[in-house]
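Note that chain A is present in both complexes that follow, paired respectively with chain B and with chain C.
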Partner chain A sequence: MSTDTSTNIQNKEFETESGVLATIKELRHSGTAIGGLLIVSLLLVMAIVSTVDIILLDNAIIKSLFGDPHEMNSLQIYAPPSMEHPMGTDQYGRDVLGRIIYGSRVALAIGIIAVGIGFFGGVTLGAFAAYKGGYVDDIIMRALETLYSIPGLVLAMTMMAILGPSIYNLFFAYGIIGIPAYARVIRSEVLSIREEEYIDAAKAAGLSNSKILFREIIPNGLSAVLVQATLSMGSVIIGAAALSFLGFGVQPPTASWGRMLNTAQSALLIAPWVAIFPGLMIFITVMGFNMLGDGLRDAMDPRTSLRSPKMESLEEYADRVDDPTKADPAGSDEWLAGTAVSGKDARKDATDGGERR
Partner chain B sequence: MSIYRYSARRILQIIPVLLGVFSLTFVMVHALPGNPVRIYLGLNPSQSLEQELLAEYGFNQPLWKQYLDYLWRLLHGNIGESFVRKEPVSDLLMSRLGPTVTLMGLSYAIALPSALLLGVYAAATHNELGDHVSRFFGLAGLSTPNFWLGLMLIFIMAYLFDVLPASGYVPFTEDPVASIKHLILPVITLATAQTATLMRMTRSSMVEELSKDYVQTARAYGLPERRILLKHAFRNALLPLVTIIGLQLSFLLDGSVVIEQIFAIPGMGRLGYNGLLQQDYGVIIGLNIFFAILFLVGVLITDLAYAYIDPRIRYN
Partner chain C sequence: MSLLEVSDLRTYFYTDGGIVRAVDGVDFEVKAGESLGLVGESGAGKSVTVKSLLGLIDVPGKVVDGEIYFDGQALHEMSDQELRQNVRGSDISFVFQDPMSALNPVYTVGSQIAEIVEYHTDRTETEAWDRAVTLLDDVGIPDAEQRADQYPHEFSGGMRQRVLIAMALSCDPKLIIADEPTTALDVTIQAQIIELFEEIQEKYGTAIVYVTHDLGVVREVCDRVAVMYLGKIVESAPYDELYQDPHHPYTQMLMRSVVTPDQDVSELEPIQGTMPSAVDPPSGCRFRTRCPRTFDECGRYEPPRIQVGENHDSACLLHDDQFEKEEPTLHLGSEVAETNSTSGTRGAHDE
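== the complex of A and B ==
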C-alpha cells in the first residue's frame, strides 16, 4: 500500500478529481441523493419506454399491460379503481394508470428541455455579461431583470396565450423564464472567479480571452448553476403542470398530469381517483428531482461532508490494519480526493476564513 | 455612499425595468392573434360596429402610435383601461386587491413564524431524527403542486367531512366567521410551499451560523444552549432570510393566480386570468405592470431593511 501511494498520487489529475468525480463519490454517501436518483431513473425508464411504445410499437406494450390510454369506453366512464383499471377511469372511460405512464414523457420532456434552454441561455448571457462588464453587462442584466420582475406563471400564461397552447411552446416559455435566474448565478460566479490568481496566471501565459472564459472560468462556475438546474427542474415541472391545469399548456388528447387534473376538478366528488393519482405523480417526480438536487448541493459544498458522521469503529480499524488484503486503495483515494488535496476545497476554505475575520 | 443616495439610485434603476416590462407586455398582447373587439362581439359581428369600436378605442391606429399613447397615459399614472369592462384597470385592481392581499398576507403570517420555528428546531437537532423528519417535510412541501393540494383539501375537508366550504370568498367586514371559514383552505394551500421554502432557508442558515467560532466560544463560556440558539445564532441567521422574503413575493403572486382559480376567489389573479382569455389588452398590461411594481418595490424594501438590520453592510 505504502509503496504505490506515491505513483498513485502522481497519476492523479487533481483538477478532475476534486470536481466532478469527488462529487459523484460523495453522492454515494447521501441517502437523499440516491433515493432521488432512483425515482428519477425510474421515471426516465418509464418515459423512454412509453415514447418507444408510441413511436415504434403503436402502443403495443401499454395495451398488453393496462389497456390503451387513448381508447375511450363509454360503458366505463368514471369507473372506480379495480383489478382491470388499478387507478380507475376518467370521463371518457380511459384508463388513468395508462395515461399517467404516458404523462411521464410530457413531464420529463418539459423539465429537461425547458431547464436546458434556460441553462444554456442563462449561462451564455450571464457569463458574457460578467466578462464584458461595463454597459454590456448593464444592458443584459437590466433586460433579464425585466423578465425576472414579472411573476413566472403570469408571464408564462401570457406567452402561452400568444404562442398558442402546445407542448413545444411550453418548452419555450419555461425555457425563457428560467434564463434570468441562471444568468444571475453564473454572473456572480464569474465575477468572483475572475479575481482568482489562476486567471491572472492564464492571462500571463497568453491565453486568449475566449479561451479563459470558456476553458477556465465557466467550468469552475458551473457547479453552482448545475445544482440550481436540478433544483429548478421540480419547479418547472410544477409550473408547466399548473399551466396545463389552467388550460394554457398541453392540449388533449395528449396525456399530461396537469391536464388530467384540469378535467378532474369538475368531477372531484364522484371520481376523486382521477385527481389523486396524477397529482401524486407530479409530487413524486418533483420530490425525486429535489432530493437529487439537495444531495448534489451537499456533496458539492466543501464545508459539509456527507460521510463524516459515520466513524470507523475500533474493531473495524484493527481488522483493516491487521489484514492487508482488506486494505482498499480505492477507499483511500476517495479520502484523498474528498479532503485535503482538492484544490477547490482549499480555495473555499481560504475564502471562508477571510469572511470570518 | 449614504443610504439615501443608495435608495435613490435603486429607485431610478426601477424605471428602465418598468419600461421594459411595459414594452414586453405591450408587444406580447399585440402579438396575440385576433383582437379584443372580435372576442367581445362574438361570432358574426357587424362590420361597421367592429370598425366603430376599433376606432373608439384606438386599436386601428399604427402600433407605434398606440405604444406612445399608452406610454403617455402610463406617465400620467393611468395603467390602462379595460375594454371588456369599460373601467380603468386601476379601479378594477383596487376592487380586487382585498381578496388577494388577504390571501397572501395571511399565508405569509402563517408561513413565516412556523418556518422559523421549524428551521431553528431542525438546525438545533442537526443530523438527528428531528432534523431528518423536518427536512423530509420541507422537501415534500416544496414538491407538492399547490393546485393539487388545493383539490385534495377541497375533497377531504369539504366533500368527505363537510366542515369547510369548498370555494368562494366572503369579505371579512360582511361576515367574519364565514370569511375565515372560506379562507382556511386557500391559505393553507398557499402557505405550504412558502413554509417549506423558508424553513429550508432558515435551517441551512442556522446550521451555518452554529458552525461558526463564536458559537463555540459561547458554548465554552457555558451559556445555555437555548440562549446560544435564540439570542446569538438566530439573529445572525435571520440576515440572509430577509433578502429572500422580497423575492418570495413573486411566488406568492404566482400562487395566488392558481389558488384564486381553484377556490373561486375574486382577486387580482382571477382578473388577469379572465383578462387573458378575453384578450383585454389593458387588463393584461396593467396587471403585469402592477405585479412588477409590487415585486420590485418588495425587493427594494427588503434590501433596504437588510442594510438597516445589519450595519456592517456598506453600499458602493
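== the complex of A and C ==
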C-alpha cells in the first residue's frame, strides 16, 4: 500500500500532463504530424550527436566522417559535391555537410531556448494579467501589445545592435520578442478557465491565489500555448538565420546556417551548393516544425478528429472483439463471434466502397 | 452559543444597470451540529448569501455591511488571506452545485483532495493521499484506492458529487455549506446524496447550511429552514413547524406550489408573477407586488421579523397587532382567507 501510494505521488507530475499526453497520442493519426515529428527528431539526433562530439569527443566523429568543419583546406576551395565532400566545400575549403550538421546545433538551440524564454515569460505574464484583471491586466497587456506591434526582425536587429552580436544575445532577443504571442494566447485561455466552477471550488477550499493560478488554471490552458510554441519554433529559426545572415547573430567560426548563406552569396554562381544546402536545411527544419505544430493544433481542436472515423473505429472494434481478453466478459462467445465477423465484413465493405469510388 | 451568527448582511453588485441589492439585510444563525435550509426561488440571493460568508464575492459584487461571527471569530473583519488560511476549506467548506464542472479535469480526484489536505494540515504527501483514499471510502466510493487515481471524467455525476463532498470533509470542517448540491443530479442520485449528507451529520456532527429551492430536499436534511425572498429572509422556523404552520404569505404559497405524493396536481398553485428586480426592489415589504393579501401599509413599512412561535419568526405586517384589524383587500381567495385568520390570530397572540 505505502509503496503503491508513493509511486502514485511520484507519478503525479507526469499525470498532470494527461491533457497534453492525450493530444500527443492523438497525433499518431495525422500523417503530417508524423512527418514533422520525423524531421524534428532527425534534427534533434544531429544536434545531440554533434554536441556530444564537440564536448566529449573533441570532434572525433565528424572528423572520421567528413573532416573537421572548422578546418580550412586551401586546396579544396569551392570543391563541388563529391564522394569525399557530399555537399561540396566552402570558400575556405571546409566541408559543407559537416558544417550543416554542426549548424543544426545552433538552429535548434536558438529554437528551443528562445521559444523557452518566450514561453515561460509569456505564460507567466499573460496568466498573471488575466487572473488579476483590472488595471494590472491593462498595463501588462498594453505593454506587451506595444512590443508585439514592432516587426520581430527589426526589433531583434535593434536589440542585437544594442547588446552586441553574440549567440546568447540572440537567444535573449528572440525570447523577448516571443513573449507577447504566448501571453495573448494564455490570457484568453485563463480568462475563460477562470470562470469555471472548479476555480470557485478551489477558492472556497482556501487555496492561495498563486496556487490556483499555477496548479489549477495554467495546466488547463497549456495545450493551446504548446501549439503556439511549436508553430513559432520555425519562425524563430528563420529569424535567427536571417539575423546571422545579416551579420548580427552567430559569429564565425561557429557553424550556423544563416551565416553560411551569408558567406555563400558572394559565390552563388560558381559554387551554388554552398548556398543551396543550408537554405534547404532551413526550409526542411521550419517545415518540420510547422507540420508538427499543425498536427498538434488539429489534435487539440475538439471539432476536428484526426482519425478517419469509419475505418479506424471498425478496425479497432474488430480487434477488440477478436481479442478475448479485451472482450466483454459478460457477453456470450457466440454473440462475440457473430459481431467479430460482421465487424470485419463491415470494414471490408467500407474498404471496397472506397475502392469502387 | 451559535456556531455561525450573521446579522444585517448586505451584499450589493455594482453593475452598469444600477446597484443590485442581492442580499439586503439578512440575519440568521446556525448552531453547532445543526442543519439549516436556505430556501427560495432563483435569484432570491441564497447563493450570494453563503458566498458572502467566506468572502467569495467577486467584483462587481461587494459585501457592504453586516457582521459574521463564526465560532467566536469575526469573519467580516478578516482579510482575504486570513480567511484563506484559517477558515475556507478548513473550518467552513463548500460543496458546489454542478459536480460536472467543480472538479479540475487535469488532476486525479485523489490528488485534488490530497492537495487541500496538504495545504491546510501538517500531513505529508503520502499521509494526505491516504487521507484522500479514506475520505473517498467514507463517502461511499467503491474501490476507493483505485478510484482515487482516476480523473474526474471517469466518474458519473453522483460519484463526482460524492468526491466533492469528500473534499469538503477533508479538513474536518465545523460547517459545510452545500450550494444546491443535488440540483444537477437526477432524482435517484439526489436521494443518495441527501442520505449521505444525513450520514455525515450523524457521524461527524458537522453543521450544514443547505441552499436549495427544493422544499422536498429540505424536509430530508434540515432541522430548520429560512425562507428567502429578494435578498431578505422572510420566515424562519424548525422544518416541521414551518411545514404545518407557515405564517408568511410567501411561504404559504411556496408550500402550495410544491408537488407532494398525496396531492392532486390540479391543486398546485404556482405563485403568480415573477420576482421583481433587485436593482429597484418594491418599497416596504418586498413580496407585496405578488402577495394576495397586500394592503396599503405594506408599501410604507418594511416588516420586521416578528416572533410568531418558539424559534419561529415571520416578516409580515399581518402578524402585527396594529394591522391585524385591517381587512386584507386584494385578490383574496377563500382558502387564503382561512389561513390568514389562523396565522393572524396566532401571530397576534404571540406578540
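Everything that follows uses one rule, which is that the second predicted complex is superposed on the first by the 291 of 357 C-alpha atoms of A that agree within 3 Å, B and C clash if a C-alpha of one lies under 4 Å from a C-alpha of the other, contacts with A are read in each partner's own complex, and residues count from 1 in each chain.
One rule holds in what follows: a residue touches a chain if its C-beta (ideal position, glycine included) is under 8 Å from a C-beta of that chain, and two chains touch if they have at least 3 such contacts.
This one's a predicted model, so the numbers in the text were calculated from it and none came from an experiment.
Look at A:220: by the touch rule set out above, it reaches chain C but stays clear of chain B. Once chain A of one complex is fitted onto chain A of the other, the partner contacts of A:282 are limited to chain B, with no touch recorded for chain C.
Of the two partner chains, chain C is the only one touched by A:205; chain B is not. Of the two partner chains, chain B is the only one touched by A:145; chain C is not. If you count the residues of chain A touched by chain B and by chain C, you find the higher number for B.
Residue contacts after overlaying the shared chain place A:197 against chain C, while chain B stays out of touching range.
Only residues 142-143, 145-147, 149-155, 157-159, 161-162, 164, 234, 238-239, 241-242, 245-246, 261, 264-265, 268-269, 272, 275-276, 278-280, 282-283, 286-287, 290-291, 294, 303, 309, 356 of chain A touch chain B when the two sit together in their complex. On the side of chain A, the complex with chain C involves touching residues 1-2, 4-6, 8-9, 12, 15-16, 18-19, 133-134, 196-198, 200-208, 211, 215-216, 219-220. Remark: chain B residues 13, 16-17, 20-21, 24-25, 28-29, 31-33, 127, 139-140, 142-149, 151-152, 154-155, 159, 208, 211-213, 250-251, 253-254, 257-258, 261-262, 272-273, 276, 279, 284, 287-288, 291-292, 295-296 touch chain A in the complex. The residues of chain C lying in touch with chain A in their complex are 54, 56, 59, 83-85, 87-90, 93-94, 96-98, 101-108, 110-111, 115-116, 119-120, 125-126, 129-130, 145, 148-149, 151, 164, 167.
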